[in-house]
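Each of the next two complexes has subunit A plus one more chain, namely subunit B in the first and subunit C in the second.
Now for the complex of A and B:
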């Protein structure tokens, strides 16, 4: 009896966490899925009416803009951060004298809250007093850099600030990856007289495939969740030109009092995340068992 | 990651013609790195100089100019006088709110994560892998999908708009990562240690307390830094589940910066942004090595 009890201790220790995850993650996802199939407005209603909320969602121009923006922002944010991160990592890997200091500078934005990042860039990009005014002050009277208030360009300011925030982190990931490549193989290649750029493209970078995947997962996850940065930098504006699904969901849930729409948009966001993360988690967990 | 024996690949040839081009290459390399260093530093520099200027100087001067007359007035206002909504008490009370949320949130999620990780690494049972997968999955959900039911749950628990409510939210959604960190760390400790202790009659908690915890300092530091940055920098939960008076500093900062009434005080905005960022920046400067380890541990699973 004593023994049996002792064997149950690990399970008892996990039980509260497990219960919490069941309720707060899976139960809540179920709740949101349910509400997304109802006509809930200000208060949740639990009578199922089918996929009407989703039909309405996809017929809403604002949601259309939000998904388009997610695509533009996500693609550019991920590609630029990865390319920049990789290049900076390779540059830093060339026995740079002040590597520690430069690395510190490249990475510090990651310690900041997106709200702080948004606030800083909002100030710099402000046409009246920021970069535009500065360059005009240098005598280039016709210089224009008004992306922040230009509905067609505002989404690119989010990319700019997002890349500024996250590229240093990608750099750190890649730098760690570069340093973990087997030195013997590289030395052998050098002895064979293979030029440096070929060593990178043919040996080092291909062997870092898992790190590319990790970086991609993290960045896409960040992109889909992006909310704070938009709120702080553009507030979703001008109009709703820089809305993302996350800000759409928030507006529907907390200012428009349309819980059904909020729930269905949240479910679509989750579907996008799942499509990216599930294959990754599956392969990661499977690889461990082998 | 700080010290390495791996030599960077570089052309090994040494010739007089190669020498000049190699020097040119080095100069170009440093130039590119410096340009990017400036790009990363520019916002911080601009924030700092703007916060030290008067409004007049901001309107007439250049974005990147150093302040002519350094004044700390904006910092004083940001700390104790700036208006967020209808209240004008600066960031001070909200900084305190963030501390009140972050400290218990970090402590609870780290402690529970350590115990969970210990079970998953050393006391596995049938089905433990499935539980672990379910838990990991929770790290990846977009939080928008739990926002509405969480708001109702906090209401039912009588915790809507309270600081304990936010502590609960951060603890629950932090558990996936903290468990992962500890599990990956404890998995490297040989099971023989547990077996030997068991033979000596030590139980589950005794082994955790006297063997595993003393070995855990590095991973505790990583987890605490990770959780602290996550909770301190959080905005979504803060803005969704707090009310006037319990808001964390990120929400207050956003309210100050995006308030539409009155004259826009850019210097106060910048000072407020720096104040809100100081705790995590400090962590980064003091424990940068662990900060990076936390970041990479949180992204490279396994």
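Now for the complex of A and C:
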């Protein structure tokens, strides 16, 4: 009897959470998929009409821009944040005296909301108020730094603000990783006379593979769900030059009264997330079996 | 059976004859939350309370009403729609098609709305022939606002054609003044665009932006429209991206720019700053004949036969279109009354021009709904056009490419 109870109690305790996840995550994914196959406008309608919404979606130049921006922003944001974060972590790992203070300074941007980051950078990058006006004020009249209002460059201002916000956090992750590497191995390498940069590239960094993976997953989900930063920094503009899939979906669902179209864009966003997460889960689960 | 009919009929009669029995209640969803707007709504609330009604206010902040529409959707989905909702243009018909709007024809007929509202505007308030919304005001969208001092100093007249506008702007630009104050938000780009389209003829506007005729969209005239948009882009300062419309108005007010093309809510900004029309600032229609209107209105939602709420809707509709509210509200808001029989004595010069032009253009068929402000088209095609306009305005796209993109986008949104 006691054994039976011990086996059943965890199931009973987990059942409500499990049911909630089943409905509120998978149920709603299914619901969105259904709506994406309908002609829903202001309100959801449930008569299926096929893949018309997806055809429209891919014929829309604005969606192309949004997807391109996602790849530009996602790739640059992830790569630059990881490289910068790793470099900062390695420098901080050199047993310097003020490490605590410096670590706090670099980590601090993560404590800000993306809205705050976006608004602050909007002022810094505004040609009439920020860097451009300042440098011109110093007498360099021809200095131009107008990325924010240049449709071809505006997406890079979002990368800039995103990297500024997240690289400190990546640094903290990597720093923890560096500290977890076995000191004995490093000492042994030093005794053998291997130069420091070789110790990093050949021993320490390879042993941090799981940390790289975690940082990658965290950053890529930040990139895909990125919405607040764009809204605060550029409002999707100039024109729709800095639209991301998330802002596109919001515009369709809430400003344009076009739920079907919004649902189809949401499904494509989910497909992008799956393309990243599924290989990760697969590798994780396989590692356990081996 | 006959007895039952008789009973129903007599009950209905007694209810109609004794409206005092019902206790008028209204829950009103709106997004008039700025200073002058909130003051205007308060006028309505007072009148409503004076007539024995209970008003439940449901303001949802956020200009443009996106947030309010989201709240509305949640309420309708849960089967508990507000009594009256601020809605306008084809959105009224879109909600009607979802089967959630109520019929207020009784009040409309009793109050003789058909006699006092211009036919064209009245059409927007009807769903399948019966009345389902009450109009509040008329905003004219195609205005040019100008700083009088700047124009005088540079010997520039208020332009009446786009050529004159361009010539005046070139002259101002040489004098080191930003000719056109503009904010780089897509709806502001669309406001410029529709004014330029109207400048190429009311018929062209009708076929391009209302009927969405592919021939008009893919025409030489449309290429000229985009050429003019490119010229206008040259008159805007470099720092316009993401600027709010009222900051652009402030530029004209403070002498940093000469003109702004914006609806008459801009007048509210001038007046609030104590400026006098004709002395500090000038108002004039954009080049070309025609009047683009933006009519705010309240649509009544189906309340499932709840007598108190139906009485509330009827009272609300009666008050909104009533002459006293029309006058007070529009004096606050900067627009003009939608009724043709309200005295304009207390209104300013620009409102008089607006009312005269409205009467004239209604007669000549050039009284037209604004596309940029959601009066002419449903959300999807309107959004598709705005996307092209704003993409063209904010890049170096050629006019031919823009026209081609416009034609494709509209076809895709149908």
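Methods note: the second predicted complex is superposed on the first by the 274 of 290 C-alpha atoms of A that agree within 3 Å, B and C clash if a C-alpha of one lies under 4 Å from a C-alpha of the other, contacts with A are read in each partner's own complex, and residues count from 1 in each chain.
Simple rule for what comes next: contacts are C-beta pairs under 8 Å (C-beta built on N, C-alpha and C of every residue); 3 or more make two chains touch, one makes a residue touch a chain.
Since the structure is predicted, the reported quantities are computational estimates derived from the model, not experimental observations.
Look at A:110: by the touch rule set out above, it reaches subunit B but stays clear of subunit C.
Of the two partner chains placed around the shared chain by superposition, subunit B and subunit C are both touched by A:254. Of the two partner chains placed around the shared chain by superposition, neither subunit B nor subunit C is touched by A:66. By the touch criterion defined above, A:235 reaches both subunit B and subunit C. When subunit A is checked against subunit B and against subunit C, the one touching more of its residues turns out to be B. Of the two partner chains placed by the overlay, only subunit C lies in contact with A:146; subunit B stays clear of it.
When the shared chain is aligned, subunit B comes close enough to touch A:91, but subunit C does not.
Once the two complexes are laid over each other on the shared chain, residue contacts for A:37 go to neither subunit B nor subunit C. Look at A:82: by the touch rule set out above, it reaches neither subunit B nor subunit C.
With both structures placed on the common chain, the touch criterion links A:56 to subunit C but leaves subunit B unconnected. In the superposition on chain A, the residues of subunit A touched by subunit B in one structure and by subunit C in the other are 44, 122, 235, 254.
By the touch rule above, subunit C contacts subunit A in their complex via residues 64, 66-67, 69-70, 73, 76-77, 91, 94-95, 98, 184-186, 189, 238-242, 378-380, 382-384, 387, 390-395, 405, 408-409, 412-413. On the subunit B side of its complex with subunit A, the touching residues are 1-2, 4-13, 29-30, 32-33, 36-37, 39-44, 46-47, 50, 58-59, 62-64, 112, 115-116, 119, 123, 125, 128-129, 131, 133-138, 140-150, 152-153, 172-173, 175-176, 179, 203-205, 229, 232-236, 239-240, 250, 253-254, 257-258, 266, 269-270, 272-274, 276-277, 280-281, 283-284, 288, 291-292, 295-296, 299-302.
Residues of subunit A touching subunit B in their complex: 6, 9-11, 13-14, 16-18, 20-21, 23-29, 31-32, 35, 44, 88, 91-96, 100, 102, 104-117, 119-124, 129-131, 133-134, 137, 164, 168-169, 172-173, 175-176, 179, 181, 183, 186-187, 189-191, 193, 195-196, 199-200, 204, 210-211, 214-215, 217-218, 221, 224-225, 227-228, 231-232, 235, 245-246, 249-250, 253-254, 259, 262-263, 265-267, 269-270, 273, 277, 281, 284-285, 287-288.
Within the complex formed with subunit C, the residues of subunit A that make contact are 41-44, 56, 59-62, 122, 126-128, 146, 148-149, 151-152, 234-235, 237-241, 251, 254-258, 261.
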